[in-house]
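One structure is given below, represented as structure tokens, and several questions about it will come after.
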Amino acid sequence: MNYEGKKKIWSEFQKEIPDDRYFYARSCIRQNFNPGAEQAFLDIVRNRFGKDFYEDPLHTTCGGIAYHSDTTPEETSMTIIARQFSLMNQAGYKNFVVSCVTSFGLHSEILQTWEEHPEIEQKIHELLWKACRREFTKPEFLMHSSDMMYHYRFLISEQAKYPLINVRTGEPLKVVEHIGCHYSKIFPSKSVGGAEYPRVLAGLVEALGGSVVDYPERRHCCGFGFRQYLVKANRGYSLTNTYKKFESMEPFHPDLIITNCPGCNYFLDRWQYVIAETTGKTYGDTPGYGIPVLSSEEVAALVMGYDPWDLGLQMHQVAVEPLLDKMGVQYDKSRKYKGVGGKDLGIPASPANIRIF
Amino acid sequence: MELTYQQRNVVIIGGGPAGIEASKALDALGYTVFLIERENRLGGHLGRWDRLFPYGTPAEDVLGQMTASMGRVKWFTSTEVTQVNKLERGYNIILSNGLSVLADALLLTTGFSLFNASKKEEYGYGIYDKVITNADLEDYFSGIPVPAVDNPRRIGFVHCVGSRDEKVGNRYCSKVCCATAVKQACEIKEKFPDAVVYCFYMDLRMFGRGYEDMYLEAQKKYGVIFVRGRVSEVSEDKDGHLFVKAEDTLSGKPLRVTLDLLVLMAGMSHNRAVDPIARTLALSTMEDGFLKPKDSLTAAQASYCTGVFYAGACTGPKTLPETMAEARAAATSIHEYLQEQ
Amino acid sequence: MIDFGYGISPSSAINLDKFDRTRFEELAREEPDVLKCMACGSCAASCPTAGHSDMNLRKVILLLGRGREDEALRMVSHCMLCGKCLIVCPRGINTRHLILSVTKIYQKK
Amino acid sequence: MKDRFISGYNDFVLPFVIGMIFIITYLVIGIIRVIVQLPAADRKKFFLSLINPRLWVINLKDIICDVLLHTKIWKRKPLLGYMHSSIAFGWFMLIVLGHIETWLFVPDRLSTFYYPVFFRFFVMETDHTLKGSFFFFLMDFFLLVVLSGVFLAMFKRIRSMMFGMRRTTKNQIPDRLAMYCLWAIFPVRLLAESFTAGIAGGSFLTRPMYWLFSNFLTNTYHILPTWWAYSTLLGTFFVLLPFTRYMHIPTEAFLIVLRNAGIKVSHPRKGYSIAQIYSCSNCGMCIDACPMMGQKKNLRFATVYFNRLLRRRNWARCEESADKCLMCGKCVAVCPVGVDSCNIKRSLRGLRAAPAPADYSYFTSYSLPEGVENSQEKVLYYAGCMTQLTPVISKAVAAVLDHAGVDWSFMDRDGGICCGRPLILAGRDERAQEMIRRNTELIRQSGATTLLLSCPICYKVFCENYDLKGIRIVHYTEYFDELVRLGRITLRNSGEKLVYHDPCELGRGCKVYKEPRRVLGAVGELVEAEKHHDESICCGGSLGSLTLSYDDRKDITMKALDNLMYASPERIVTACPLCLKTFSPYSPRKVSDFAEVVARNMNQ
């Protein structure tokens, strides 16, 4: 592997990332399953780095899941997104950052469509006006939250309390970075590092002290799909894709998988449970556990010393304790299943083949 | 005043096979020929190649034979054209060595550039140690150490790298890569007889005399395995071997194989060095950058610019014999042109 | 183990790493012509079983060379050995004997 | 003539007696083995044939013609025929005459079976000897006949080309020894009888020799050693016999009996086949006959060597040889003994065939084209697989049938199931049964009364392996000939010089020779190839060979074309789609199918 060669390619895929003043749009999946990730993101950028990230309580889903599941036409998504832009205009922001890769892909696709077909944009102006009497202008910059984490990677590493280093061996943690397909495969030029050797997460991991695992099925989809997991008859496809990735990364014994996509995060995490319960097999460095799957925001927060249970890492299927131990993160075992204000959430049933604590 | 041939100057830009052949032909016709080459030796890409398809002729012999007697041709190596000025009749060519030539006719034999294989990022040229190009493999055959070639047991050849690929802006077929791949597959099989050699092709374009025999020999004698399907992506496994994905289109199934060496058949791209001259003289180019001849059938050696002629791969991918034939055709065209002046 | 009502599907991909070439090499020794196939499909096109069975000699040769032996043998079991493919093969492959060799070599499981 | 010794015995007869006992025991055991190994049905056939007087007559005739007189060789190569019959018949007559002499002069010695053989040693002339001079003459005459044959045989070894054989068999050591014995037996007998001629009498050969020798030799000293030598040579020959080519001498008669009983080859190395391969005289006629022999490397695949390998149970090489064979049947046609080597090879292919699973369940999806079913009094035309590749044939057949006003239908117009012959040729008879079954169903379904075929490969299998009682099976050469004779089509003579190629499966395979010639004679000037009828040369495209490479086939094709061009024809006509397809690319003259020529020359 020639790192210099990669750098050469990365240099061709650099995007301009404004440092401050963003309108923030949440992810449907993430705010439901791993709400700590978005919370941590906002806390880091606002309170740790003092940046202006605005979140409007009136913003909605982008409609991406419905669009990709063929249940709504493209115009619907366009109108929904136009409304988000309108909210952004209203709040006085020009930069738009989305938490979700599906969303990022859809926003990029729509912006590109409007650029090539101004008549469609015109039509959406009309539709939005008819729907809610709103006007909009397109954002100047469209970012994904992982772009921001990449952009702020040195700020994060400056405040790193637990870098991605195995405290027992002193070796960098072996990190698998998984990029959501819609981040760079649709428009490589709108990503950091391109589609073949994306830099966005690799850069973050390197800045935080970890080493990136380059395994053969690195580029492969997590298996999320939309029509794949939504329809039970197709769900085997989704699972098989994920299985293929795990089989490919298995020889590298990764300590952690970092993703930038809520969907990938969810499926890489949950399918480990299904694989374990159907085949008895677990992956990763610690036998009987799986490989923890965290989002870039969660990793950043963990490195910066956020409490894992406040971050909501107990919401992940694969137990993070082995990772926390490797990183040397201090945590209170008893708090794992306690809610806000110490409320007892109860201990989940333990699966047969994969340990959860 | 009537000019004699000797007093007529022809400047040829590009000292590859086309330039050499044309310069000799024009010299024989009695013109004063200036052959300009920016590299430090004549021969162009031919100088880097070890053996030539389809009969395995050593390139060195061919080149040696071509340059054995250059006659009165005035040739300059390590020399670039710094300026071309159009005069009322002819051109004023200023060279980097300070020389200025008044040319009655100008012949462009600027050839091609080998496609930069690292542009096909998914193949990992420049990133994975075991991915090399056809030119690298020729270096290896010539005896230049290529560390990637380390007793490989499983070898792959990827045809059409940078050819027939709109994503890299080259829609055309580079013509020579299929034959080169088959030639190299046989050659590497000779070096490593126990190795398994795969050729990943889209179409096998074995159009020339002797090419089909070479293909048959590759199959039957060397046991080269041909897989119809373009390699989609390459990754490295834990031990640094290459994990290659393609579709075996003939069985309609995805195909996976781990290799120790992958050779990318980089095709021909237009030579960017000719772009400034083309701009100065307002020469027509095609969308892929190659120079556009006046008429691809009846005036393939003529340009849209009076007194400027083309030969060889500057107008598109060509095989060596085609290039040589074009060079001789160009000499005739120039002779006719100058006769009429 | 839990039955979720869906599961990991076996890969349909041809994995050449897992392909033990021994038997194919034995076939190639017995029948060197098998290497000459250029997949033109004349054999399959002229085959009298075409349209009635999945016999396809081009695919048989291909699949054997890719380690998909069961599929190839299933196709071969439909062959009537009529020899039309022998007549049409532009590469002069002795297709009939190839088929007999395939059955001979691959039966020795 | 009277006994010279009271005992009627001398020790020198021992080698002969031992040899004789050995060979008779060997033969008896061999015959029993063959009979035991025959399938029950064949065994029954054999025993029934023994009580059939008609077969006795046929057997006797065949044995005299084939075993003694070698009429088949005579027809083909007279000098070679003379060589064989002189030795065989001459020797036979010597034995018969020896017995007659014994019976006439010393009848009580007939019970000692060596006595007639060494008659001249044991008897002396008496006053009545003149009565024997007739036999003396005959004995000397037949000895001379045998000797002439032996000298020819010796000469043949040296100059086989003289006898019209380009190649002759390479002999093995036992063969050689036995051959030297055979060569020596009769000259030594001549010597022995010459030395005794003074005592036992002699005729034009032995007597002068006796006088000649007596001038410088003391004949009496040489009597015993030469008779010893004679007896020893005979004994050695008999002991060597089972291990040599000369085994055909006793086996052939048995083969004739089995063959006339109607027995067929069922196993390559058991029963009938044993009689076949031991009957092979290694004469090598099959070497020149074989179309593969154009290439020296193929020499080892000649039938004679195959038989030899099979005798030695060299399975691997036998298999190679059997797989290579084109099954054109020419070696069978020229074989003086009539060894059915093609069927032995076929059964060997079957025996060695891999037990491949066959799945022909898809046959049910083939059906008759619309409108073909249940038509009475109809001709059903089955073109076969190969004709699909030569549509010119089926088109011409259709044109002729339509012109003649035949009510016909096209069974496999949209493709059909193979006739099964290719599988049978490959020895896979059981697999072919599935094709035969389904095709039979379809043919029966059609209600046709005549099945017309244009492909000889199909024709042979339909004649031999299908049970289509009530349906006439006819090849188009025969059928068109009939249409011409019935006046349903009339032909005009174009005057074109035509040569007819006999396809193997039609000519040698089904004995159809005259019909196509009769028709072609009416449309043009019919000339013959150098080798024709049952000696026609295979086109090289035969499906019979399993392993013959494309290049080797081409070599045969060229040879066959050379043969056809013998009389400089303007057009080559064949009656087989495979021959047509094989010849066309390489032929110096236009190659046409029989039907095409007929269709073109029909009067409107």
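Things to note:
Letters are used for the chains, namely A, B, C and D, taken in the order the chains are written, and counting of residues starts over at 1 for each.
Note that contacts are C-beta pairs under 8 Å (C-beta built on N, C-alpha and C of every residue); 3 or more make two chains touch, one makes a residue touch a chain.
The structure displayed is predicted, hence computed values, not measured ones.
Centrality annotation: C (chain centre taken as mean Cα position, compared with the mean over all protein Cα atoms).
Ranking every chain by how far its Cα centroid lies from the centroid of chain D, the top place goes to A. Chain centres here are Cα averages; for chain A and chain B they lie 46 Å apart. Centre-to-centre separation of chain B and chain D, using mean CA positions: 67 Å. Averaged C-alpha coordinates put the centre of chain B at 39 Å from the centre of chain C.
Those chain pairs judged to touch are A-B, A-C, B-C, C-D.
Partner chain C is touched in their complex by these residues of chain A: 232-233, 235-237, 239-240, 243-244, 274-275, 277-280, 352. Those residues of chain A that touch chain B in the shared complex are 1-2, 4-6, 8-9, 194-197, 214-219, 251-252.
Interface residues of chain C, counted against chain B in their complex, comprise 12-17, 21, 28, 32-33, 35-39, 58-59, 62-63, 65-66, 68, 91. Interface of chain C with chain D (complex): residues 33, 46, 48-53, 73-74, 76-78, 80-84, 86-88, 92-94, 96-97, 100, 103-104, 107.
Within the complex formed with chain C, the chain B residues making contact are 196, 198, 204, 215-216, 219-220, 223, 225, 228, 248, 250-251, 253-258.
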